[in-house]
Each structure stands twice: as structure tokens, then as C-alpha cells.
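Supplied in C-alpha cells, the structure appears directly below.
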């Protein structure tokens, strides 16, 4: 276990390093001059030059990257005007070009919202997706299965922005069962937190669940064809128990593997849902930052996503090894 | 021997071609599979025949009809159901009055091409990487795993924006889209394949193949693991189609997508999103087509999945409804 | 008073294969009855339809596409007509089944104790806790040591024999009136086999348990049943009280069957006139193991499956390895071919230290089910090594594969069939054909014939011997059947708990066993004579009672 | 002609929003899409003091908070008047009103105003408008108070705590407009925390910031007890509390306002317009239509030519394009006639801008392809020609693909094949602002920083404003001495009405060269919650004035 953790930590550092290098290089390709964007539309060349200097964009790209690494390890100082020098403690991801906010701080304030969204969605797709997958494996060939197929596919086949908007319209505007969601941090009011996240969770969860339903169903059927199922059938174990107790385990591996990926990408990728429901999460932050070439924020958020992906992957491997002891931890 | 009496005469199935034919035969026996294939074939046909059909209706996907929209009310089509008329079979687009029928047809060309191409690339890369990770030994497995992590964590958007500056303007856009979506979004497939392959790897038949294959990992992957992986991979690929279509739309907003006025379903869907109360037809048409495509793919994918399984016909059917009914 | 427990009349079973209306007749008009508390043995060669009959008793063919005709009644229930609920009660409650393939018949994800408890609860409605207790109890009863702890293990942590015992335990847990055992002891070593057979016997006497024993081992049948049904090609050849069938078989087929049964006192393999080219004695052994050691499990619970084994096999020589289940035979075999890396020690092929898989080394696997890819036709599996060797010509390939299939007693036309269409024994033969294909220098046979009927067994062992002579192949022959090992081996090694306790030429070890464990093994071998078997059983019980 | 701020039919007095006299009290909710990331007066780039910021920052002058055209006037705020110029308008003097206090009760002084302006020169606090840097003597080289060793900017003189004098490099008759910008808000030096000041800027207005979460995403404002309404004629400050929630999707904002459930009944938005689909949806719904206000902002969307690029060096080609344009399609692409007014002039149709009507190359409602073809023939393109139109891929309905395709369609009828080159928004801006590499034919837009012809025409047509290496807005790179001279002359006028006339004439004159094809001026439709009263939308910003609304 310790070995596993050590190995994964090493791997994670590698991943993060690679990510930061990629983002830094892409950034030099991307259109848009960050100094001009930070300065404002009608800045004159001198002002832009000043801002460029202030942001440290005059240095060579390698030097900038090295500074970034230095900040990560040892922290950095930034002049903030008014004789103030802001110290950014290690691991320092720098200051946002646009808002001067510390990126580490920014990510820490955005992460809870994103995590809230992703965790709830995860729960929903596991519940709904795996549930309907099992049900349709159990009722295979029947009308229930066809209905479930169509329903879950309707979830996937509808782009998430339309699904979310439809839900909002129906639940908040038309039926008025719920107020329009406003993000409330968990620490502030757990009950309001859950109520306000209900629709976003449903949107993302339902959108993802068809994938899981199909996957669960097909893996379950696969397992149902195995010999050990015959044993239990020969002992009078009912069809339902066969599916839910025995066959489902065959579906565990792909579901866990995929959930880890989806969960990881959701940390940075649920942009549409986040902006539709006004959730102050990382996805929106990233999109906004990309649009204005706010490199420190982009790098920071991508690194946060990378960390999430690595952690989710490691957790998935652990879960998977726990579920199927035949698999050794690599 | 026991089997002589009733076994199919040797030679009844031509050597080598046995498996493929059997799959095809099994596929043809399922009405739902046939229907799904027909729907897809029809869609592809319609897409291919778009210019012909456009001629038939006398419409063009890009011609504006300012007289068919109510400019004072945001450009909503005049007339009911989104402006359906003898000329415009499915009505017109709000704001421009462009003919929806022809736009949907032309849109199908881009969307199907991009989505299928991208999913094909994703699946290919995902399976290759997943298998390599499962079979490549410890260190290779670790490295590939981390590489997959990197790719999963790279937001498509960041790449998309960077690419707008790099890709020459005359690079074929659909190909670019296929490459971006295909080469960036294979992490899920790879992870899933790896997980499955790891589970299969422990079975004796893989050991047996290792002993007889002269150590060729590629051969083992292809011969021993791929057939068993086909089921989840096909299922997954079918479900990735709409994601790819929507990804195409979001990339279009970054300027990486197909150039206007060329329509695509993804673009139509995203510009339609605010219209679903004022002009539901505008949303429902592309959404309905997308849904039909996805449904057809899934049904067909399922059918191929079972048809690929030689055990179907005997074991897969064990304990189905028939049994419950006694 | 006796009561008819099983009534089978004119049972015919056809399986669909491949094409639209192609069927294989697996069982052809079989009739028999079984009274409560009695035992019926079905013997016959591999593929003769034994398992198919057994499965029909529980209605396991329902819904599979197989066509059945005739009637099957079990415990008064008409299996073909029973409602699903009734059928579920019958399965496990009235009649419980022990399957042929021990390795794949248990849920790989669940603890063994939980699996048994689950089945028990369905039929007894016991509480979770009681069911678990019962699971431990039955596991203990079938001879699993430390049952409380082992009940928490999952199937892959059990050796093949232990899994089979777990399956029997599962059957016992439900206290059925009829036990259908499909090759229940095939995977077991003789000492445990004897225990199990004694156990079954005891249960029968104690509770009037009916027993339908499907086996290809006539010896096992002789020890355990009252009546014998001999099958061939799906039909019943002969039926009668066990003593009379064994003593005075009426049919020529039965006589041939009995003649093929290997006996401890039967003829031994004639030592090769000249152990092939390597007669000068200076050549290196084909395979040599030095101080092999391999442990399994995580820290704290590590088990040394093989604990320091050294051996050597020369070209043209057969080394038999016997030992009880879990003694490390398979692990040793896998290390010899390079599928498992030793923790310490070294394997040398032709004097060269080997790591990983080496050319010219093959293995026949213990489990015929999982050793064949269910998604590929058997012909393709057999052709693999040929393709790897560079053969490209499809026709030549097919011809060669056909030849190999025929050589192991299958047909050339089976090339395009899939594993699930074969009986257990047939699958094992495919595995042997695959191992033979690349003309290896060494084949490690892990229980190659334990799933085979005696006639095929004789055929296969003869075949192996023939090939060995022809090509100078070195064989490592792992088996728990002492009689078979004796028949085929030049030397024999007896393993116990990961170590070789005794090794030597066959005659020496069998005739003058030095180690008490070897002596115990030999005493457990079943005898063909039911009278003798009963005698031995009582002596075993007495020994147990006084111990 | 100029329109009033409201066209709602619901309310009795013709004003949009709920009927009845506005009263103090209650909580106003603001639902916005853009968070108030910058809340530092030095960093804000606003037209007339912004919206939420103008509740916290008072400036020397401010915009007249009235509906429609009346709202384009400059009025005093902290100062007693809109400024007293010297004879040639190179020196402007202001005097503070009495009794002005910060939220902590301390008095507001002119030194604080000077300091506030000075810090807007610091590179750390970049983002504000460029005018002070260009206009103040020494402004071009000043680097802000953090680097000047306490010397300050000499061209801002503070003779006493109530007086402040600005010394300009050249005459600027429109200085009072610039004095409305947040850089003119007082910042007490002792409270300056540099880049962190925006977390809690010191209020001089009717509200103070009590909570600023997630970098301006959630703001809570409460009454500033030290603000004295007697010193402030402009801000009404009816609600007790203001709760700003931003980061919301615009469709959701409009939907929430439509539904007006719970606190949303007392909600407004200051940055989200109604889109075409929403307008279509409101349709005949009287109640909803009665809650929609209309605003205009000095803004032009146009096609820009770069006459250095062939074939646009040929005036006939530019004229042909002008004649061919179909403004109906373009207006529809921009959201329909309710959201865009077709334009043939560069200046908006508002008196404040000095609007003078003209249509030099009449295209009618839907274009005149015949005339265009004729001109092309004269220009030497009898068989038509192929050109590339550069546009952005931003979804703004201004420089976006919708408008580009509408242009493409219209020109096709005149035999001009248009290839579209859609660029990501940043790339698009870099291209069109790059004097060396400006495309020949592209979509562009311009908005004025205050309602006058000056900020409209000078950046676009003044030859001395051609910049290389910075942002160049003079796309045509017109450097006509007559135009330059006229711009300078008008800048000297402090009589804004007289100046307006001359701006209009200048526009008409430049228009003859067909350097641009004016397409449309946008119109803004703003929806408010059902309990919101006293909706004021001026033609200065076109945005609902948050300082006027009441929720009781």
C-alpha cells in the first residue's frame, strides 16, 4: 500500500510536470497577448509594455517556466503597489494576469463547488446508470428493457446544455417546485447546498448515466454467460439475485475505470453545467481564463484537473483491486 | 466418435470465413438490428444525397428568407410549427429564414462524418493504449497509465484555442475536428480496456497463448483479448457518438469547427438552445435526429456485440424470459 | 420402504450448433430410475452425454435452445413442466449438483463461505449468521482445514481441489434428498477423494440421500454406487448392480472400458530402450530446477506454494509429480515453463538459465474451461503455435491442425467449433493438441487426463508416450491419480506442502515407499472391486476412529 | 429619431416595471453574468462610472440619471459644477461640495482624488481608460505613485482640500465627460492596499461593500450611513441592501427574471440583455412586455475596409459593397429589428453624438445588387470578384458568424463571392488592431466612452491615432490633414451642442470615402423582476440604472 502510494505520487508529479510543460508551450501558440488583455482594450503601447514587464512576460519562455517551477517549490514575491509586496507561499502557482488573485487561492475557493457538483453527479450516474443497466440486464429482451434503453439514451442523446435548460424550465420556471439554483457552500448550509445542487446533479448525472447503463448491462450479460452463474442457477438462486449479486461484479471493473476518468475530467470539464447553473467552479474559471490567455490560471486549473485525474485513477485502481482480488496493484 | 452422426459436415462452412459469416447471419436474424442498420443507412444516404434532395425541394441551405421571419420579434419564423410550408418542409431557421430541411441534411454530412471518424480514432487509440498498458509490463504500464492521465487532464478547449492559431486556414476542417476529438478523448476507452484486459490476462487461455505465441504480445492482444473486449468497446463507442457531435459544436465556437455557413447538427443544437420555447421545432429537429442516430447506433452496437459472441444462441440465452415463464 | 426419487424415461437431448437448424444429439433415449437413498453411477467416455443427463435432472437446459424429449421426474416434480418457483425449490432444495469444472464454477468475486451461505439461506430461510455458521460447518466437513478462516477466502486463493471441496460443501449445505455429482472428485488427490467418497457414503446412510454420480473413473464408481449405467454416444449401453457389471460385463464396450482402467498393480510403462539421442549421459537435462521457491499472498498471510524444489528432467524422460491438492504442483509446473517467475531459485532449459517464456516449452492446463478462449474456434487456438512458427499457408495449417485433432481423438472437422460446444474431456484434448503443435522439447502436463474417461485417458497417455519417443520430448506429468502416474512415468516425485518429500524411480517409490505420506497416498487409491472397496472403507473409518 | 427609455405597455405611467411610487427599503437582487472581478476604481473601464461601482464610488462629475436622451448630459457629483475651463480648455478646475464623507466618516478631499487618479497610472492597477494618460501634462511618462518617490503628478494641482485643477496638453472641451470615470473617485492614501484594495474599496457613495466573495462573484452592499443624500442629487438609493450574484448563464438570468419567483421578483440585471429567442417568447405577453425596458448605447457595428489591400484600394469596390449590403438580413442576424437599428451613418442616431443623417450609397432595405454590379464593372470586375471577410467566432451577434454569413449572402447577389475567415476572438482582435497586418475586409464595431461624436470619430479616423505595436482602431489608416485639423478644432469647443453639429458634419464628410459600411446600431432590451419600480435607462450606457430602482 505504501509502495502503491509512493509510486502513484511519483507518477502524479510526472503527470503534473508534463501538463505544465504542455500548457506553457501551447500558450505560446495561442492567439492573444496577455499583457494587452490584462491592460484593457484601449491601452497604448507604453502601458502594454509596462504591464508586460509587471507580469514578467518580458523574460524568455524558458525563464518564465523556470520561475513558475521556482514558485512551486519555494514561493514567489509579487509587487502589488502601495509599497506592498505580496508573498505567495510554495506551492505558488503565480498570480492571475487578469485579477491578480493568487492562483492557489483561486483554485482552493473554486474547488469545493466543482467537487460538490462532480461527487453528486457521480453518485447519480452510479445509482441511475448502474441501476438501469442491471434492470435492463435482468429484463433483457422485455419491454422494460426497451423502455429503459430509450430513456437512458434520451439522456445521453440530449446535449447537456439542452437537458439542463429543460430541467430548469420544467422544475423551476414551469412547475416551480424548486427555486432557481444558487450555489451555497456545504460549510454554510448543508441542506441548502444539496437542494441547490439537485438540478445540476441530475443534469450531469442523467447525461452520463446512459453510458454507464449500457456498460453495466453489457458486462453483466457477459458475466451471466459464465460458468459460475450456472452453479448458482442450479441451486435455485433467482434471476434477480443472479444479476444483482453475482453478475454485477463483472460490470464493476469497467464502471470503476470509466467513473474515474469521468470524475477526473468533470473537475475541469463540467463547464456547460457550471455556467448554466451559476456554480462557481473550476470549469468556468478555466474557460474564462483560456479566453483571456490568463496563463497562470490556466496552468493552475489544468494542474488541479491533473491531480484529480491521478487521484481518481489511483482510487479506481484501489477499488478495483479490492473488488477483484485477482488483480494485483501494479 | 460421439459427434459423427449429427455434427455439421466438415466443409459446410468455408475455411477461414466461418466466423465473419456467422456474425453476419446472426445479425440478420434480429429485427431490431436490421431496423437500426436501416435507419443508419437511410441517414447516410440522405446525407450523401443532400444536394439532390435540396434540388428536389428547390431549396438551398444557405439562402436567406428575410420575409419568412418576424424581425420585430427576434426573427421568429412566421407561420406555425417553425414556418412549415410547401416550400420549407421542416420550416425555417429563426433569424435568417434558411431552409431547415436542407440544413439538417447538409448538417448530417458534417456531423456523421466527424462523429464517426472521431469515435473511430478514439476507439482505435483507446484500445491500443489500453492493451499496451495491460500487457506491456510493469514499467510500460505505469508510463502509459500516466500518459493517459495527462491526456485526460488536458482540456480539449485549451488545445482547441491553441490550434486555431497553428492550423493553416485551408486545412480540411472536418479532418481537423476528427483529429482533435479523436486524439484527445480516448482516455475513457483506454482505461476501460486496460481494466478488462487485466482481468482477462489472468485466465489460463492467455497463458496458453503466451506459451504458443512465441512471446508476441501483439498477437495475444489481437487474438485472445480483442474478441472478449469487443463487447464493452462497441457498447462504449456507440455511446460516444453524441458526445463527439456536441464536441464538434463547442469546437466550432472556438473557430476550429466547420466554417459557416456550412451547417452541422452540433452548431444547430447550440444555437437552438435558447429557442426551445419560442420555436420548439428548431430544437426538436436536430435533437430528434441526434437521438435517432444514437439510438440506432446503440441498438446496432448491442446486436453486433451479441453476434460476435460465439456462445450466443446457447449460453447467453440461459434463463431469459422463456425460463421465467417456464 | 423405498420411493422413486428420479425417473427418467426416453430422454433425448439435442443441442443447436452454428447454423440455422443444425443440431447435435447429445443424449439419445436414456431411461433409468433411482430410489431414495440409493446411488447410481453413470460412467462412459468423454462426450458420451453424462453431464447432459445430469443437467437435465435440474432442468438446466430450459431456455438454452436445447431440445428435450422424454420425461424427467425428480422428487415427484416433472422437471419439464414445473413452474419457475417450483423449479427453484427443486434446484438445491431437492437435488443439488456438484459441477465438473471446479475452477470456473464458483463466483470469483465472493468469499467462498458467503457463496455457500447464500445458497443455504435460499432453501432454509436461515439467518445470515446461521447460514455463515453452516457454511463453515460444511466446509469443515469436506475437509477444508481451518474452515473459519478459509471461508473468508475467495476462489482464486483456493487450489483446484479445495474449490471442488467447496462445491461439494455447497451441495451439502442445502441438505438435499438427491445429490447429483458430475465428476466430483476429478480434481482431487486420492486422499481427499477417499475422504469425499466416504463422506458421500456416510451421508447416504445417515440421511437416505440419493446419489447420482457421474464419473469416468470406474474405480470411483465402484466404491460409491449401488448401480451402474454405462453410456456411450448418448445412449445407455448397459445397466445393472455395480458388482455384477464390474465382475461380469455383458457388453463388449463395457469390457473394453474396464480393461483400460489404470491399476496400481497393472502393467507399467516399459522403460525406453534407449533414452533417445542423449544416451551418453553428458547432455544437460532439458529442464532443471534449482531451489525454486514461490510465495503467494500479501504480507502477513504469505503462503509458500513451492518451498525450495530442485529437480531435473532429461529428454525422453517422464517425471511424474503427485501430491495432494494445494501442495504446489501447478505452481511448480508453471514455474518450469516460465509462466510464473520464481521468487528465488532458477530454472534452466538445456543448461541455460531461463527467465520468462522460452521456446520449445509447452503446458497442458489443469482447467480445460479457462484454458481455451471462449471467443475463438478451437482450430484457431491450436493453430496459434503453428502460425507463430511462421506457417502461413492456410490449407497446410488446417491440415496440420486436423491431424493434431485427430491424433488426440477429435475430428479434423471440429476446427471451426467453439469451446462451449465440447465436453470437458474434449476440451482437454484440444489443450493437448495445442501443446503438441509446436513439437516442443518439454511439455508440462498439469493434470492432463484427470478430466478424461479411461479410454481416452489410455489413448492420451499412449499418445504422449508415443510423441515422447518420437521426438524425445521431456514430460513433466502432474497428476493426483497415482495409478496414471505410475503408468506413464519413469520417475516420480511426491510433493507435500511445497516440498518434494520423496523422489525416485517409479518402481521404487510405489513398491517401497519410504515416506509415510507416500504410503498414505497409496492406501487411498480406490479399488475396482466393490467388495474390496467396502473393506477398505471400514478399515479407513476404524483407523480414523482409533486415531 | 431619439427614443425614450421605455416602450413597455404594462405600467400606467408608460415606464417599465411595477407601478406606484418608489419607496425606501427592501433588498435588491442583481443577477449578472460577469462577476465584478475588478472593483478597484483605478482598474475599472467604465462609461460614466459603471453600474454597481457607481453605488460605491462617487466621481467629480457623473451622468444625468434620467431616461433616454436626457441621460446623455454630464452633471456634477462630488464637484459643485461640471468643471470650469480656462479660455482654451487646457485647464479644468473643480470645487468639492460640502459635507462629503467616506464610509468611515472621514472627509473626502481633493488630495484623495488626485491620489486616486495617480494610482490609476500604476502598472499593477492597469485596465482603466487611456484618456488621462493622453491628456494630462506629463501623463505619458508617469508611472504611478508607487514608483514616483512621493512626487506625484504635477499636472494635477490641489491648492486646498476642496479645489483641484487639471492641466492638459491640448484643449479638451469634453473633459467633464472623462471626469465621470471611476479614476476620479477619491481613494484615501492611508487605506490604499494596492492590488488588494478592490477587496474592500472605501465607499464614497450610498452603499458600502460588506461582502465580496470569489473575486466579485457574490457582492453584498449595505447602506453607507455617512453618505448624505443632500450632497447627491443623482443616486436615489431606495433599497436597503443590494445582493449581486454573478457568473450566471444569460438564459438563466432572463428566465429567472421572467419567472420572478421569491427574491427574483425584486431582481434586475445590469449586464444581460434579452436575446432574440426571449423576445420572441415574450411575444404578446402584456405582463412581461410591461417589464421590458429599452436602452441605447453609442455603438456602431460596421464593415471595415483596409484600403491598402486590393481590391479595396479601389473606391468603386468599396462603394459596390456598400450598395450591395442587405441591412434587413444583417439586422435579423443581429436579433431582429427590436435589437438592432439599421445604420447608414457612422454616428448613432442620437442628438448627443451630433447625428446628421446621410446615406451616400443607398442600398435600400435589402440591398441594390444591380447598382453594385454596375460599380464593379466600372471598377474593372465585370465578372464579379472573390474576397475574404474576416470575422470572429465569438457569439456576440456583432462580429460573429451570423452577421458574416448575412453579408456573404447579400454580396453573392451582386456577384461578389465572399470567403469567410472566422478567427477566435483574441486572434480576431489582434488581427484587426494590428496596423501592419489589418485584413482588407472585416467586421468591426466601436462604442463611445461617453455620448459625443469625439470618442466615436477620433479613434477611428484621426491619422495621429494610427498606432503600430499597439491597438490600432483607425483600420483604414486614414491620415487626412483636413480631418485631423477639424478634430482638433472641435475638441476646443466647450459648447457641446455646437461641437455636436460639427461632429455630425465631419461624419458625413468622411462617409463619402466609403471607408466603412455602417451596418447597425444595437438596441438593448432589459427585463426586470415584477416588483421592481422606477426603471431608468439612459442613452449614455443603455443599461438600467441601478441607483434609481426601488423594490418597495
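As written, the chain order gives the labels A, B, C and D, with residue 1 at the start of each chain.
As a working rule, contacts are C-beta pairs under 8 Å (C-beta built on N, C-alpha and C of every residue); 3 or more make two chains touch, one makes a residue touch a chain.
What you see is a predicted model; the values in this text were computed from it and never measured.
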Determine which of the two chain pairs, A-B or A-D, is joined by the larger number of C-beta pairs in contact. A-B
Per-chain CA centroid nearest to the all-protein CA mean: A
For the pair chain A and chain B, the C-alpha centroid-to-centroid distance in angstrom is 23
Could you put a whole-Å number on the gap between the CA centroids of chain A and chain D? 37
How far is the middle of chain A from the middle of chain C, if each middle is the mean of its Cα atoms, in Å? 51
Calculate how many whole Å lie between the centre of chain B and the centre of chain D, each centre taken as the average of the chain's C-alpha atoms. 46
So which bits of chain C are touching at least two other chains? 87
Could you list which residues of chain B touch at least two other chains? 161, 164-165, 273, 277, 309, 311, 315, 318-320, 323-324
Touching two or more other chains - residues of chain A: 30-31, 165, 169, 230, 233, 291, 324, 326
Help me check something: in the complex, which residues belonging to chain D touch chain A? 37-38, 45, 119, 122-130, 133-134, 140, 143-144, 146, 192-197, 214-215, 217, 245, 247-249, 251-252, 255-256, 258-259, 261-262, 264, 423-427, 429-430, 459, 467, 469-471
Chain D contact footprint on chain A (complex, rising order): 30-33, 36-48, 50-51, 53-54, 79-84, 86, 98-101, 106, 109-110, 165, 168-169, 172-173, 176, 179-180, 182, 275-278, 280, 284, 291-293
Under the touch definition given earlier, write down the residues of chain B that touch chain D in their complex. 62-64, 66, 69-76, 94-97, 161, 164-165, 169, 252-255, 259-261, 273-275, 277-279
Which residues of chain A touch chain B in their complex? 7, 11, 14-15, 18-19, 22-23, 26-27, 29-31, 140-142, 149-150, 153-154, 156-162, 165-166, 169, 210-211, 214-215, 217-219, 221-222, 224-225, 229-230, 233, 239, 242, 253-254, 256-258, 260-262, 264-265, 268-269, 271, 286-287, 290-291, 298, 302, 305-306, 308-310, 313, 316, 320, 324, 326-327, 330
If you look only at chain B, which of its residues touch chain A in the complex? 138, 141-142, 145-146, 149-150, 152-155, 157-159, 161-166, 187-188, 191-192, 194-196, 198-199, 202, 231-232, 235-236, 238-239, 242-243, 246, 249, 266, 269-270, 273, 276-277, 283, 287, 290-291, 293-295, 298-299, 302, 305-306, 309, 311, 315-316, 318-321, 323-324
